[in-house]
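Each of the next two complexes has chain A plus one other chain: chain B in the first, chain C in the second.
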Partner chain A sequence: MLRYAYYPGCSMDTTGVTYRMSIEYLARKIGLELMEIPDWNCCGASSAHAKGKWQALALPARNLAIAEKRLPGLDICVPCAACYARLLAATAAIRESDETRARIEEITGVTVKAGAEILTLMDVLGTDEGFAACAAAVERKLTGLKVACYYGCLTSRPRAITGVQNIESPELMEKIVSLSGVECVDWDFKTECCGGSHQVDAPAAARPLVERIFRNAKANGAQAIVTACPMCHLNLDMREEEINRKMGTAYDIPVYQFTQLLAVAMGASAKEVGLQKHFYPAFKRLDRTLRKAGTLQ
Partner chain B sequence: MAQLQFDNSASLAEKIAADAGVTLSDCYQCGKCSAGCPMSASMDIQPRQAVRLLQLGMADELVRSRMIWLCASCHMCVDRCPNDVDLPALIENARYEAQRIKLCAVPEVGKFNDIFMENVKNFGKSQEVILEGAYNLLSGNLLQDMGSVPHMLRHGIVGPEIRTVREREHVRRMLTAAEKEDEGC
Partner chain C sequence: MSRTGVFVCHCGSNIAGALDVERVAEAAGKLPGVRYAATYKYMCSEQGQQLVRDAIAEHGLDRIVIASCSPRMHENTFRKLLKDTPVNPYMLEIANIREQCAWVHTDREQATEKAIDLVRMAVAKVSKNKPLHSSFIPVHKKALVIGAGIAGIQAALDIADAGYEVTLLEKESSIGGHMVMLDKTFPTLDCSACISTPKMSEVAAHPNVTLMTGSTVESVGGYVGNFDVTIRQKAKYVNHDLCTGCGLCETKCPAKVTSEFNQQLCTRTAIFRPFPQAVPAKPVIDPDSCRKLSGKARCGVCQAVCPLGAIDFEDKDKLITDTYGAIVVATGYELVDWAPLYPEYGGGKYPDVITGLQYERLVNASGPTEGKILRPSDKSVPKEIVIVKCVGSRDKKKGRAYCSRACCMYSAKHAHQILDKIPDACVTVFYMDVRTPGKNYEEFYDRAREDGARYVRGRVAKIFRENGKLICRGEDTLLGRSVEVPADMVILETAMTPAPEIRELCARLSISTDEYGWVQEAHPKLRPVETQTAGVYLAGTCQGPKDIPDTVAQAGAAAAKVCILFSKNEIEGSPMISAVDENKCCGCSACVRVCPYRAVTLEEIDSREINGTVKRHVARVNAGLCQGCGACAAACRTGAIDLLGFTNAQILKEVDALCL
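After this line comes the complex of A and B, so read on.
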């Protein structure tokens, strides 16, 4: 059964709104039940672990504890890569040492076993059942669109915690997003870093990270970049025009969440997946692709 | 601020390594970490040099560096290291030591983290509107990203409402307890 506890994370209502809309559409289409963890709190993102180890563990632990109590037996689906990394790190720490667990319980005042598996949305849709459900729901194909699948750091690293084998060139997003009919190009920057919050607090140092991602995608023939994280998406989508203006480049690469492409292939309209909300224009490329493929209804 | 003494620095290096669970002699200085680090171009000390400083007992230089704040915690270095040297953990613990002496060589990064956590402590969730606004005020980069605001408002990407956790007192209590624990580390 496609039923999971669901941790959306703070971005999902604001900068990640297009991710949320497309996830909801897709979930309805394939019968994926995402049970939101009641009264969840922020995972701490990169700031908590910059400030202190126990702050970084306490925040996700409260969410794990609520899920255990209110949604027992369900694994936890986390679509944001940063939230995923924090929930996973806390789970690993709690499982690894009883002493750590006891200290976390003391700090948070709740008991936590961390028995649930922490999964990205790609993990969920990549299961036999999830994959088959997606395949069955596709109504039209985005044939001819060449995309570069961008994973960023946190869905695969650190390997010691994620258990991902091929951290340089994972294939899961390609497998899933190909269902929409797009062609995935081979490229070098799949798991390079987008700079995370340094795009805000250290922009001069972080901007080049985004530029070289666009450069490599372009050099390998991609017409669009596909992400699986609200932070990666924002950092690419919001900075593209500024980079073109300031660095004299001419990148013309819309950035989609992988769920947006799937939802569109499942029949979603541009509005239903928030294409008009993107910073870099995202509608035309998909519209043209559908017209060319002759699959626009 | 007085320069830390070399003696302290050597024992501080040992402490940072122990807290990070790293055996410093595992590193044979191949430089693979520096080669793959996306932030290396802006760093005053390269990732390989960071380990070298600790091997030499010169922790004070690392604690005072900009590199520990510019590190994006992307974990490329440790995943490519032939010896599994957990550099991000060393860097993280160097940051904790820096905070203990109220030092942050890239103040904007420290401020961002402070405001972020203050937000979480007050509301249980991070508020991107407040985060960006308060950060602009404090860092003096008033107009940064202001060009994006009309777009965000028009499309309802950010709005004026504050999203909070119902049991936000619980979040505040546990963060206060966690801060105490972190100070004692």
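After this line comes the complex of A and C, so read on.
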């Protein structure tokens, strides 16, 4: 059964709204039940661990504790790569040592076992059941669109916690997004860092990191980049114009969430997945691709 | 009652300076059984030894205690001295009052007391000593050399030239190892094939050498002077007595697979010689790729074309057993399989990221491109070339902390060759350190830089592809900033790693390997070509990464050790080995399990009991294999197995002397 506890994370109603819209569309289409963890709190994201170890563990741990009590027996699906990394780190730390667990319980005031598995949305759609459901829901193909799948650095690292073998070149997003009919190019920056929150506090220093991602995607023939994280998406989508302006480049590469492409292939309109809300124009490229198979309106 | 003589050595001021030797001798003189006690300035000197001889004659001594330096220093000196006296050389004990007393204590009074204790223990132990007599083991003067790279070839030639028979074993179908794959060799840049192929023919033609290719060691029994070795010779499917090596079959064989010798850069046929100068210069069939032998098709083309009817599809593996007096292990190295270790370098997906050994084949006149440096993907001449050193070496995260030792030099060689052959080439070498500790090595590296090679200090973090270029991103740690160097071809100088199956071979030979699988020498400084099993020696890179000059030197040293062993008709075995009291042995096999040299076995005997004769099992020690380590004596619960020279009775006497 496609049923999971769901931790949306703070950005889903703001910068990640297009991700949310497309996830909701897709979930309806394939019968995926995402049970939002009641009264969840911020996971600490990319700042808490810079403040202090216990803060960084206790914040996500409280969410684990609530899920355990209110949604027992369900694994937890986390669509944001940064939230995923935090929840996974807390899970690993609690499982590894009783002392850590006791200290966390003391801070949060609730008991926590961390028995549930932490899964990205890609993990969920990559299960046999999720994959079959997606395949069955696809109505039209985005044939001809060449995309570079960008995972960001946090879904595979650190290896000690994620257990991911092929850190440099994972294949799961390619497998899933190919269902929409797009062609995934072979490129080399799948898991490079986009600068994370430094795009906000040190944009000049972080800009080259994003520029390199565009550069390598373009050099390997990609017409669009596909992400699986609200932060990665924001950092690429929001900075593309600025990079072209300040660095003298001429990239014309819209950035989509992988769920947007799937939802469109399942019949969603541009509005339903929020294409008009992108910083960098994202409508035309998809519209052109789709013209043969139907309409985006 | 025993008649013991005690001799206390001053060792100049080494001992006498730290404790009162006269008081030690005086106390010794009062110990039970001691007939004579004296001191002397240097007991090991001729005068000191004469003192012992005279005292034996004068006082009728039957056992001796020398209180002096460590037995590792002079036990043998004093044993030799006793050989010419009525006292058996094993009726001797050394009390170590130098390393274990004088050198480690500052309080003269306490040091003297301790020295007296040590002497009392030695006197007690020697009272239980029994005369022991060496056994003599005949030496079978024929050597087995395993592995026919330059190390094995050199060792075999040296032993054969000394007049002894040698069997040279090689698992591949030709001898030569890695050296024949190389193009030129640093630092002289002489052609590798030109200096190694003459040695290959020489060893093959040597009257004292039997060459066995396609062969591995199946099992090893026996001991120094008398190893019984069974060799498996793989089926060749070509009768080499008939074959003339005309090569017709190779031109007609339709089955093609990638060539191991050319490092996957081109193909070979199923019936093949790995390279034109192969020794023996006759083909074999690789059954996995042959269409007929793998059952894929009827084929048989080679059989049809061979003018001499040399093809034999019915050929079978052969097992051959022979006796050897000594064994030299020369199994060499392999290069680490870098692709799975380095996903950040593309993990093998870029054809133009190659290894140093692939480069050697590219630049070699008899290689797949006839010596033109053409990159594998599109056969174009690369202009911008990046060389990455220490790939897989010196990196604990990648599994190997050690330095591969030859790559600093051969990467300088590679840079020099490229700049020489491709005039407008641009070569960048990423390095951590440049290690050039050999004769003319630093000068060679200087030359590569003068030729124009650009050295950047730092590791390459990532190799990625953009617009047909391979971009090498790394850190220039001297400038403290990251750099991106575009390349048409990247050469990875990958780590040396021990030959596969080396651990199995070492287990058969009862020798050990280190954590990586390099064969362990008996002592890193003083016994570098010996192993801990007598009669088994080491040569070349099987012991650890090294270049050709060091490999050849070590091979010569191993050969010399074999010749020393063969210069005697028999070797004197130490009598300090284990012995079994069959009456006490219950046949539990505890000793069999603990013996690291597989010297103990269980044997059935007829035993006379009250109710008649019954059959039972008892332990038996092979005197040739036993190294006298004592593990069995400690494991035996009935006290049936005892180490001569260190019997339970002797040890207990010592303990009693100290504690009671």
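Here is the rule we use: the second predicted complex is superposed on the first by the 291 of 297 C-alpha atoms of A that agree within 3 Å, B and C clash if a C-alpha of one lies under 4 Å from a C-alpha of the other, contacts with A are read in each partner's own complex, and residues count from 1 in each chain.
We take it that a residue touches a chain if its C-beta (ideal position, glycine included) is under 8 Å from a C-beta of that chain, and two chains touch if they have at least 3 such contacts.
What you are looking at is a predicted structure, and each value in this text was computed from that prediction instead of being measured.
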item: Which of chain B and chain C A:17 touches, first, second, both or neither; value: first
item: Which superposed partner A:167 touches (first chain B, second chain C, both, neither); value: both
item: Partner chain in contact with A:281 - chain B first, chain C second, else both or neither; value: neither
item: Partner chain(s) touched by A:31 [first = chain B, second = chain C, both, neither]; value: neither
item: Contacts of A:159 with chain B and chain C, given as first, second, both or neither; value: first
item: Which superposed partner A:220 touches (first chain B, second chain C, both, neither); value: second
item: Chain B versus chain C as contact partner of A:51, first or second or both or neither; value: first
item: Chain B versus chain C as contact partner of A:72, first or second or both or neither; value: neither
item: Touching partner for A:188 - first (chain B), second (chain C), both, neither; value: second
item: Touch count on chain A, higher of chain B and chain C; value: B
item: Those residues of chain A which chain B touches in one complex and chain C touches in the other; value: 167
item: Chain A - residues contacting chain B, complex; value: 10-11, 13-15, 17, 39-42, 44-55, 57-59, 62, 103, 106-109, 153, 157-160, 167, 191-193, 195-198, 200-206, 208-209, 238, 274, 276-277, 279
item: Residue ranges of chain A in contact with chain C within the complex; value: 166-169, 186-189, 215-216, 219-220
item: In the complex, chain C residues that touch chain A; value: 343-344, 346-347, 349, 462, 464-467
item: Contact set on chain B toward chain A in their complex; value: 38-39, 41-42, 69-70, 72-76, 78-79, 84, 88, 92, 95-96, 99, 106, 108-109, 111-114, 116-117, 120, 124-129, 132, 135, 139, 144-145, 148, 151-152, 155-159, 163, 165-168, 170-171, 173-175, 177-179, 181-183, 185
